[in-house]
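I'd like to ask you about the structure that follows.
The letters A, B, C and D name the chains in turn, as written, and every chain counts its residues from 1.
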Amino acid sequence: MEPWASELAGRMDEHELDSAALKGNPLGDPHVRPLWVLVPPGYDDEPERRYPSVFVVQGYTGQIDMWRNRFPWRRNFPELADQGMASGDIPPCVVVWIDAWTALGGSQYLDSPGTGNYLTYICEEIVPWVDERYRTLGDRANRGVVGKSSGGYGAMALAMLRPDVFGGFATHAGDALFEMSLLPDFREVARALRDEYQGSYERFWDDFRSRPALSKEHDSTLSMTYGMAAAYSTDPDGTVRLPFDVATGKLIPEIWERWLARDPVRMVTEHADALRSMRAIYIDAGKRDEYYLDLGAEAFRRELEAIGITDVFFELFDATHAQIEYRYPLSLRYLAERLGS
Amino acid sequence: MEPWASELAGRMDEHELDSAALKGNPLGDPHVRPLWVLVPPGYDDEPERRYPSVFVVQGYTGQIDMWRNRFPWRRNFPELADQGMASGDIPPCVVVWIDAWTALGGSQYLDSPGTGNYLTYICEEIVPWVDERYRTLGDRANRGVVGKSSGGYGAMALAMLRPDVFGGFATHAGDALFEMSLLPDFREVARALRDEYQGSYERFWDDFRSRPALSKEHDSTLSMTYGMAAAYSTDPDGTVRLPFDVATGKLIPEIWERWLARDPVRMVTEHADALRSMRAIYIDAGKRDEYYLDLGAEAFRRELEAIGITDVFFELFDATHAQIEYRYPLSLRYLAERLGS
Amino acid sequence: MEPWASELAGRMDEHELDSAALKGNPLGDPHVRPLWVLVPPGYDDEPERRYPSVFVVQGYTGQIDMWRNRFPWRRNFPELADQGMASGDIPPCVVVWIDAWTALGGSQYLDSPGTGNYLTYICEEIVPWVDERYRTLGDRANRGVVGKSSGGYGAMALAMLRPDVFGGFATHAGDALFEMSLLPDFREVARALRDEYQGSYERFWDDFRSRPALSKEHDSTLSMTYGMAAAYSTDPDGTVRLPFDVATGKLIPEIWERWLARDPVRMVTEHADALRSMRAIYIDAGKRDEYYLDLGAEAFRRELEAIGITDVFFELFDATHAQIEYRYPLSLRYLAERLGS
Amino acid sequence: MEPWASELAGRMDEHELDSAALKGNPLGDPHVRPLWVLVPPGYDDEPERRYPSVFVVQGYTGQIDMWRNRFPWRRNFPELADQGMASGDIPPCVVVWIDAWTALGGSQYLDSPGTGNYLTYICEEIVPWVDERYRTLGDRANRGVVGKSSGGYGAMALAMLRPDVFGGFATHAGDALFEMSLLPDFREVARALRDEYQGSYERFWDDFRSRPALSKEHDSTLSMTYGMAAAYSTDPDGTVRLPFDVATGKLIPEIWERWLARDPVRMVTEHADALRSMRAIYIDAGKRDEYYLDLGAEAFRRELEAIGITDVFFELFDATHAQIEYRYPLSLRYLAERLGS
């Protein structure tokens, strides 16, 4: 295999959207956002044909250009998607890469006074924009969403919250079961703030922004935990509430409950009808996932089962949380098959 | 410093007690138990003099003989206690080492249908037995309890539950703030049971007992987590309830609440009067403690402060959870000074 | 800072070279190779002006596209180089990114019957090609080479072996002092081969190529160690000799000597004149480098000192081996300043 | 299983020897040393019977009292030896526990101007002393030596150097193949000295002795590496020579050669006759040994094979370097069987 980027068989269009939903977002992040659309090989040769569409959201700290990042001896997802469609492994579909980066590292694809209205941006702006310009099958029944890590979270959450928009979803190691995946980080946060930042998150952010990002041991946990609070437990006036006492890590139950209300595992019951309406549900995770999102995947599957949903793809495979882009073609095929008819 | 065991300046007596409280304990553990008593140098020369007493409980998996374990270039606690009294650093006192080992590794020094009546054994049997045979100042005002890790837990719990027995306590890295110290282990348990024991704790125990104990990676976490449940959430009929779904780690709130009811941090409010009656409170922990018991120490201290208790010894020092026996002389002096008058 | 790729102030040209030196290389790798050239802002406005040139080589497993990889909240090297020149921090120069990827992960920028003639490719083909097409100051005195990790190795080795081509070099955490950086990996190799591949490197490569690369724990060490042998100790007939018995890790002195002959630390004495002729020597490394290349940097500096070279930039900074692209602007400025006159 | 120390079936005698060999040792360590002797059950009932003897040496930092250390749910070696003989699993023999502790942590059981004459102490003083006082079969053919880690080293070295004294030996994870087991530590030493002790071993020792020993991250590696140099490469005048430049870790070949001359793997050829005369050779190690002594075990076995010795017990088992005292009964049986006839 040659390592370099290769010509695509299909066509990748790079766009920019000027989002009304993101205008005036609380972090001052740009409201003009990139968007990539891949059409399958032969798209231009069959001008009447319509295709299912799959929208892709990213893991925490992701911005759209990172989809082109190259890892040794590997293909990236756009290439894998293109090759899969070229070879016939993956039914032809329109794949849309979304950018929902924020200055905190991400948005969890929700509307929050802490980050901005990213759910609205996706569902009310991007989806119609794509449907207008591309020959998609313009119904929720033919539209899916997929992601990994925080992107897997986004896929679950968007499908549950907006079943009018999405008829299927796929989550690779998606954030779920927050007491197993997120809560154990709080103690690292409390200790790092105590030992390095006099107990203050503001001092952390000042330091973080003053030097190469993510160059200190606790940068990732400190920034991500804060970002989760910005997404899950920000007051209407923009005050970010942490679900624990930063001095000790002691849980603050009323804030922690706000996080749990956003935990996919806890959302299932309330969104049972939405989930039952899905035509494709794909769940996987690595068995050595550093965030134990394999447990979250299993818990989410069990909640689905409890409301009678058993027709799901489910697999725990041998991997960590990192470098599992080779799973995307599996979920893309699954979604394209189920949403294509 | 010579490395070998040295003659004590005081006198160490080794006893055995036949405990009524432990008879018929649910694990079938022995009811005849060892007990060590160290009297200070000069004890026999002053036949009228009475001394404060300090009772010592152990960390998880501890049994009494381990107090004689030797670590390179170090003295063990009995030697340090003896030397401290011989040199005058530590006021003379009677030090009592308690054995509360169980087949699960420990008892948390509570009464539980999962392990046995260890609190009763200590408070109703050992203490009177010692008072009868040794010239202790036989009042709760002159009696303290100390321990590290689960022993620190025991010290806090015994003092709060039995202020009629203990008038002071010292906790070194004592178990506390369970969501920071114990909960993060649950995910390791769930995954290990899934991958190695078909999801069954019984299979784990069968395997554990069939080979050298603690020789596999997850042995310690699996056995200790189960032991905590045996101490904190066992039904009257002896059924051990785990506070999480073993398949996923998902918390079971009603069982988890039973654990929290035993968390020293949460016990403070209910036992405020008991705590206010203490004449000596000593709290420390290593800042790199693997169980983050430094956070538990801080949280416990803050709860004390919230009920008006500020006259406490408190220190976070630079160490991990292991090999901190050199802290015992500090707490022993503190207790002996405060409880001696 | 916006996270997305931004327009360059200068101009980046992407070329392909058809290399005679790489034709028929032993690994069957492509002989047509990508090459990028960045010219500074204003290059086209001053058609007579000539510039110093800096050639950039990569770390192990690198291929040229990876220079565009994006890391959260960071700029990549091409952007940093461009911005530095645009802002005036870095004197204008022509920067050339070289691709010397091989199927084993790299070439160490040497000529070897195990990988191919990459030194020749760089010195005899790329350099003249660039000089012909760009307004470089076409003398060795104005030409530098820089890299990180294996690229740092390449910078040191190319400068020592071809002082007729390069008049300065910069090494960021460059491979050096092989007994501290490479030898300790051999034990991991021996054990992994024993436990997972029946002691056979062939079985490893078969497995490695059959699945997502670098997805198993020892993949990186196994592939890199082999790649080093391909570069340092391959017989003329193409037989790759490992410097240790794969069954035990026991050193094979005569092969290990062939590695040491390629160790920059050991090359200094033989290439003393070449080194003395350098107009710019820049050395740095992170103090927490996982390969202990900070020790290699110090050892290399000491060897230079021993032959009388003390006018070098030298810094050990607080970082690991990863994500230190923010150091490139420092070395680029250093080289451009010294080689520009 | 009850966890407490139990009555032995045989008899353990505790002695003290006043050693002429250790008098005036360079570290000022005591020359009066403890010695334990275990006789099998029934020893006193058969006053004419003679027994094979097995001498036991310890791992680094060991002193004799540590043999009584208790680990949860485990028996210590004296108990296991006694129980094995009581049950008939292990043929009756006299087991002798030796103390060769030094202020640096150990002696490697050699004579060295850096530590003292421990080989002489063992072979010329202890062995005759035991033979005089106990009914041993007083021939080298019936005398073995066993140990773990540095004790395993001692077993191999003593047998090779003094085949007139020992006719068999057993090594559990014994130090061997120094480039795989010891050399990789040098880089940690160099970095720790640089970052914490201004490059000076003296400063390290001053610090080490001023506080609880082994309480800092690099204490163990720093002290042990120095101790090895004291044993392997001390000049006649007492100057301890390190085999590497402390500033960089760069090997100093002539000193490193002195270490290799003491490496069991390299000693085999010179001591081939001694080894061929052995009546029992037992070799094992854990496959996850942190010092990779499994590779050393395999390399040692291969060297034996190369000189025609294949009648050896050899096993690599699933374990780390720690807590493998349950292997001693296997080697003790092996030695007692082979040396008993």
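Quick note on the criterion: contacts are C-beta pairs under 8 Å (C-beta built on N, C-alpha and C of every residue); 3 or more make two chains touch, one makes a residue touch a chain.
Predicted model only: the values in this text are computed from it and were never measured.
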Original post:
Going by the stated contact rule, which chains contact chain A and chain C alike?
Top reply: none
Original post:
Taking all residue numbers at the chain A to chain B contact, is the shared part over half or under half, that is, same or different?
Top reply: same
Original post:
Whole-Å distance, chain A centre to chain B centre, using C-alpha means?
Top reply: 45
**OP:** Using mean C-alpha positions as chain centres, tell me how far chain A is from chain D in Å, no decimals.
**Re:** 56
**OP:** If two chains touch, include that pair; go through all of them.
**Re:** A-B, A-C, B-D, C-D
Original post:
Which residues, counting only chain C, touch chain A once they are in their complex?
Top reply: 2-5, 30, 34, 61-66, 68-74, 99, 101, 105, 212-215, 319, 323, 326
Subject >> For the chain B and chain A complex, residues of the former touching the latter >> reply: 177, 179-180, 183-184, 186-187, 190-191, 195, 245, 247-251, 265, 287, 292, 294-296, 298-299, 302
